[in-house]
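What follows is a short report on a single structure.
Which chain is which? They are A, B, C, D and E, in the order written, and residues in each are numbered from 1.
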Amino acid sequence: KSGDGAAGATIVHGKTDGGTTFVRNYNVLGPATDKAPNMELVYEPLMRVDYGDGGVVKPWLAESWQFAEAGKLLTIKLRTDVTFSDGKKFTADDAVYSLGLPIEKPDFSIAGITYKSVAKVDASTVAVRFGEPSYATLNQFANILLPMVPKHIWSTQNLNSWTNPDPVGTGPFTLGEFKPQQITLKARTDYWGGKLPMSTYKIIPTSPDALKAQLLKGEVDWASNSWANGEKEYVAKDPDKHLYQLYSNGGAMSVLFNTAKPPFDDVHVRRALAMTIDRTAVVTTLQRPGTEAGPTGLSEQLFADWLDPAYKGTVQKVDATAAKAELAAGGWTVEQGALVKDGKRYQPSILFNADWGWGNYADILINTWKQSLGLQVKGAGQPSAGYYDKQNLGQFDLVAASTGGSGVYGVYRFLSSTYRTPIGKSATLNQGRWNDPATDAVIAAMQRTDDVEQLKTLGRQLQKIVVDKVPFSPIYNNYYFVEINATRWTGWPTPAEFDHIPFVGMGPDTILTLLGLQRRGS
Amino acid sequence: MRLAFLARRLGFYLAAAVAAIGLNFLLPRLMPGDPSSAIVEELERVSGQQVPAETLMSIRAIFGNPSDNLAQQFVDYARQLSHGDLGVSVVNFPVPVADLVLQALPWTLLLVGATTITAFAIGTLLGVVAGWKAGSRFDAILTPFTTFLSSVPYFWVALLALWVFGFVLGWTPLSGGYDADLPQGFSFAYAVSVLHHGLLPAATIVFSAFGGWLLGMRNMTVTTVREDYVLLAQAKGLSPRRVMFRYAARNAMLPSFTGFAMALGGVVGGALLTEIVFSYPGIGYLLYEALQKRDYPMMQGVFLLITLAVLLANLVADLAYVLLDPRIRAKG
Amino acid sequence: MLASWKVRVGLSVLVFFVLLAIFGPLISADPRANDITSISEPPSADHLFGTTQFGQDVLAQTIAGARGSMLVGILAAAIGTLIAVLVGVPAGYFGGAVDNGLNFLTNLFLVMPVLPLILIVAGYVQGTGPWVIALIIGLFGWSGGARTLRAQALSLSSRDFVLAMRMVGEPHRRLIFCEILPHLTGWISAMFLHGMIGGVMAEAGLAFLGISDSGSISWGTMIQSAQQQSAVLRGLWWWFVPPGLCIALIGTAATMVNFGVDEVSNPKLRMARRSVLVRTRKAVEA
Amino acid sequence: MTSDPAAGLAVLDVRGLTVEYATGDTPVRACDAVSFELRRGEILGVAGESGSGKSTLITALMRLQRPPAATTAGSITFHPRAGAEPVDLVTLSPSGLRSLRWTSLAIVLQSAMDALNPVMRVGAQFVDVLRSHDRSLSREQAWAKAATLLGMVGISADRVRSYPHELSGGMRQRASIALALACGPELVVMDEPTTAVDVVMQRQILAQVLRLRRELGFSVVFVTHDLSLLLELADRIAIMYAGRIVEIGTAESLYTKPRHPYTRGLRDSFPPLRSPLRRLTGIPGSPPDLLNPPPGCSFHPRCPDRFDGCDRERPELLTVDEHAVACRLYPSGDDRA
Amino acid sequence: MSQPVLEARGVSKHFTAGRAVVRAVEDATLALQPGRIVALVGESGSGKTTLARMLARFYPPTSGEIRLHGKTVQGKPRAYYSDVQLIFQDPFGSLNPLHRVRYNLERAVKLHHAVRTKAELEGRVVELLERVSLSPAEQFIDKFPHELSGGQRQRVVIARALAVEPKVLLGDEPISMLDVSIRLEMLNLLDRLRTEEGLALLYITHDIASARYLCDDIVVMYAGQMVEGGPKEDVIAAPLHPYTQLLIDSSPDPERSRRDAFLDDEDLGEPPSLIDPPAGCRFHPRCPVAMDICRTEAPRRTERPNGQWTHCWQQENA
């Protein structure tokens, strides 16, 4: 049905996380939480993160950049061949306007913007000034939520309420037709990055289950969704054309300890619990065998070069004896399912997001703790909203949460005590309230350098802290899941060999993927 | 008498509408804490941004400005509503709730309306026959079977149906309301596509809903068939079909009719779970999404709409009932 | 009443499930125990109902689910029935201003769309336990019952035997409790059963929508969990069929009891039984 | 009596009619070998206490009984007017029966409120039956005829458009009598048609029935528990007790010379309106439970004249001329009272 | 004649149904004396039940007063009920099918007497059953209503009423639901109670023959009004009011030569609406001897020396 019309070159993307209808709101920076999907194909950022290369930041609309003043001043040189889809050139004015928006309008202050001011240097150069050394936070310019927008259009609008129904951006596509249940994007012929092999990019809303059928039937070419047992149920049916790929995103699903309150302020307790997590059971039931996280929380697929060799290839097995020894060392006993020390009983609970259906995995953890330590941990599921509330307010003992970020610094950054708040006050990072001078020192050092070797050394120091002091304990690695039906389009990257991830919603990576495709048979 | 009856019903529905609006107004305010601040916080948490002044105003109008007293808040709220303004969706800011609701409404009306009527028709018809032939093999098999059917959770049926017909057999699409490739409008292909997509959800709704009608109708028919006037109709030598429909069914239907009216009112609420299973773009799904994303203005708006629709349907049903049952006019 | 086979069968099924809910979890396996050596396995000698994606025993979960679902169902029914009695009976018995007020309340709740209302309220009080869910379901599910009870109490209160006992000097309290209420037990128990399936169904629906206490196991959460893991599309029927069937079974059982009770109390329905027809035919042929 | 040439000939010949209710393990025999003859133009009264099987008999006569009632034995021979072949209503095919219904056999039920369809206008219920038996009749003609029929029983024509509940009890009852006469039946059975109305109205209605019978010449089976009424109204009277006819005879002879002790007791249960008062006792005890009928003569437990053997032998209904009685006091059915 | 126990003086009852007013009883006066039976006859809807229920204080009269032992009654009816009891028409409906005979009687005894022991209670109940000829009492005491015949049920109802030791019994068609053959037993029982216990009895019926059998005085009601009253034989033998005449003529009377009454096939129409009753004498639209004055002015009460009275212009002018 979909696809091979006369126009021929259409690629269909099945979107599973957007409900049944789309909203025509292309105001990238606006306050709505639901906006039009795949805006990254219209609005592009200055840089991109190369996950194929340890999460290093690479140029995109920016041609090159340079740090000065010990990492406090960043001069960005822009590409000169970029035009907006209305034909106007992309200039430093636009970049200054775009980068200035979040500063000028605190409403738009996306979490993670750390620069203080922006200035135009010349027609294709801008200078960004930071308050402190910021080598490590360069990736904020790769955030698709900090896109380059046309000043000539945006500056005349009330950005709070404007829905930008006909977006004009630098990206390879313009909006063709917008229907609540289908969006068609038209490929530009004058895209700076080159000519796209397809003329149309179609987005249809679907549900995870429906998507599976659509993929099998070839109605959808490309989607980003996990398919438990996808190897067997999908790939095996046509290994040539049915592709199901996992790309590490550098993070992991972990247990975060609330280190601000007993008993998890005691490293022995943390270690004992970390030692008795049955990671293999979890990944088995997840149907993602072999994805147990190492003790550092850094995935080997991504951070092979950065990992301390000592931790490479480690699969943490349940070790009840060692765990009991840890408890004993800390002076803890387990009585009637509770941790006891100095006459005080602690019966911990584990917070998890019920909307993710994580209850069953929590049960696995709880069971293992019970079996190996006799400790009875209570499951405390919450729907998303409550889950985040409680997590941010520190109202938990243990929480199952995702950790991650780009680069080693990105992954560990949240452990900095600068993000720490007292229990009861919301923290957006460091919800475990980790407070360790050694950690802080290493993180601060990483911010002050862009020297790769030095970063690697610092990174290993952090890894050691994480492994030894266990501020959190990783369970399994997180991935970008990619489902492809390559019947119409070939040329997809593979996890074995990629320099961009064919994941929809990754900004430049999505564009790179599209640029690299070919129509099958032509 | 008749007019007095109608006037009284009308009065009740007006009062009920006021109560519904009041409930809608009070619900968020009854929750612990100040609703608008809660929503603003929620919004900030979700978007990671500060809430702009416009959103804030919209939220305040619907959920109250904590500094105003309750009466003032209600006045603001009522004024807002009287303009047809249900507020602005938080999640889809700045799209008005009313727009989103209007977009979803036709789908729900079409799917649930058609199926409610179909289920009622099928259930009532079979119920009349089963009741008429009470004790026959037809009745002895159909009635217990239907009892079972009507006890099966309908989203579960929907899941199974989706699996069998959508997935295994591939006869029907798995989600959505129409083939997105087709231009929307009154084309033949579009209509076919709408029907094709609606078939399975419709079938499951009908499948799990007709049983209730059947059982109720059967028992009413059994009772009615034993009335003297049915006996007399038989004695009059009228054809069995005429006796069955004009005398037995016509009277037996009166009680189910009230239920049917309520069901029709409920149409606007959508077949919540079915819509969700089939990702059908109706009101039910809208409410579900609002709920998931904690889009309170949307929740409130949808709920108000559903309530008012139910009230309206009940009113219409009452009016129709007056026509159906002449006795009501006298009783008042 | 037990003369009706429908009542007997229905009650047996219900009693079975109630016993299962009470004692089942004591003797069955741990429903949360994960056996990762047997994942998503179809029914076998080891796991009579098979296992889930998480290596949990479906039988044990179904039994634990009986407790979760029945608890909500029974609580909701009890709350709903209690309110229905408290509102309906005085309204019917006393009439007048009491009736006007209570009847308006009843009609109001009667025309309110219940499921959306429950959803909204449940949405406001997120992440709740079975008690709150039951409370919400009960609070919004009493109106139909109250209307019936009101009508019944109204007609009973003007029945001669009530007047006669009043003339003998019985106080209102005794008239309500000793003369009127006993006549309503049929209605009330029917209402309770109805409320119970309603509660079980509503809980399942809410769980399916993700509004439930994720810590507890109920048939609803089982179906939801199966749905989340695409059990339906993967053909893991043994995972989601038992909870659905259990709901259908107790629903059918409750309906059967009500049907049977109806037949006993309504001779017209009793006459419509198949056995009557068959016997009559035999008599004519003899 | 009428001047109908066919007068005196039987219109209905009931022989050994037995009706049972097939409930429980032992069937309830509500009509037990009932036999009687109804002559053209005659009013046959059937009197008996509550539960004696009067309604059962009537519905069985019209083949209107429904499960669990079943006619298990006997015949009902109907002799149509214009020399057509007699038919046995018990075995007649449903379609054959339907063609007789209302054109030949009509019924008036006890409560007119329940017998009229509450959601149809009164006139429409006439039109319904008129048009289904005479397809040539136009809608307008049918409505006009309905108005005429109502006029016949003293209801003004503008009432055809009323709903049943808009009429008073007496009007409803008269309307249903008019309805019974709509297709000119030969036989009208009436099951307590006036119990729900009071005496003044009762008298008016019955007067109209008598007048209409004079004009139209139909026969009537009239069922009531009020013997005193029947004595004035009926030509012949059958007394039922526990599902059987215990005595049948002309009204005069039944009043002046009741033979069966039950008939006598029943007659003496009505205090006189004018003649001197004396202490009356009615009939002691209560009617039998048909589930457990007493052996022998079912009246024997209450019978003042019972003698040895009444509790074993069941007396047959023995006919002598116009009078028949089932009592062992009259072994040959002759007059000994 | 002795002092009346219970009196209704000029009582009226107007029901409001929507905007309409139903004038169910208008200016009714009635006196019940110990040891005497008054019969109230009239056709359906004439207000007999309404009057009885006012006397039983189920409804407050719209106007007029009810006097017990010469004193106007007011306040809670509880004490009143130890003197006045009402027997309903339907013996099945007035017994709760869920309670045994024993319960019904024991409650009544307990509420009105301080019984100390179980044996005393039992004794009283047995005695009551025997008073209404339900003996041996043991056979009936533990039965449910549905296990009794209609006549037996009605006896239990009477026994329950007697338990409070009333002075007045109001019987609202107490025998009309019973089988013809057992009606007389019930009438005889009532007669015995009157004689033995000196009860004052109101006997409501539409059967004038049974009224004659049981009562001392007859009062005739028509359309909410009392039209005639007096000693029974006088009223029946020589009715003063044309309605009474009509009622007597309409009553089945086998002694009358057959079919006489059916010969005058005259349509007298319906009883009047009580919402909008005819002006003047309410019977005038159906009255064969109506005069002009009947249509405009309500007739006053005319009394005869024999105690017979009526409201009729014919008599007033006579």
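Quick note on the criterion: contacts are C-beta pairs under 8 Å (C-beta built on N, C-alpha and C of every residue); 3 or more make two chains touch, one makes a residue touch a chain.
Which chain is which protein? Per UniProt: B, C = Peptide/nickel transport system permease protein; D, E = Peptide/nickel transport system ATP-binding protein.
Quick caveat: nothing in here was measured; it's all calculated off a predicted structure.
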(request) Walk from subunit B over to subunit C along touching chains and report the minimum step count. (result) 1
(message) For the interfaces C-D and A-B, which has the higher count of C-beta pairs in contact?
(response) A-B
(request) Report, in whole Å, the distance between the mean C-alpha point of subunit A and the mean C-alpha point of subunit E. (result) 91
(request) List the centre-to-centre spacing of subunit C and subunit E in whole Å, with centres computed as mean CA coordinates. (result) 49
(message) On a C-alpha centroid basis, what's the spacing between subunit B and subunit D, in Å?
(response) 53
(request) Report, in whole Å, the distance between the mean C-alpha point of subunit D and the mean C-alpha point of subunit E. (result) 32
(request) For subunit D, write out the residues touching at least two other chains, lowest number first. (result) 66-67
(request) Spell out, as numbers or ranges, the residues of subunit B touching 2 or more other chains. (result) 135, 162, 167, 226, 292, 294
(request) For subunit A, jot down the residues that touch at least 2 other chains. (result) 209, 213, 355, 385
(request) Using the touch definition up top, name the residues of subunit E that touch subunit C in the complex. (result) 56, 58, 78, 81-82, 85-86, 88-90, 93-96, 98-99, 104, 107-108, 111-112, 157, 160-161, 163-164
(request) Using the touch definition up top, name the residues of subunit C that touch subunit E in the complex. (result) 159-165, 167-170, 178-179, 182-183
(message) Quick check on the complex: what are the subunit C residues that touch subunit A?
(response) 32-34, 36, 39, 52-56, 126-127, 210-211, 213-215, 221, 224-225, 228-230, 232-234
(request) Please name which positions on subunit D make contact with subunit B in the complex. (result) 59, 62, 64, 66-67, 97-103, 105-107, 109-111, 114-120, 128-129, 132-133, 163, 165-166, 176
(message) For the complex, give me every residue of subunit D touching subunit E.
(response) 49-50, 154, 168-171, 197-204, 206-208, 210-211, 225-229, 231-233, 251-252, 255, 265-267, 269-275, 277, 279-284, 286-287
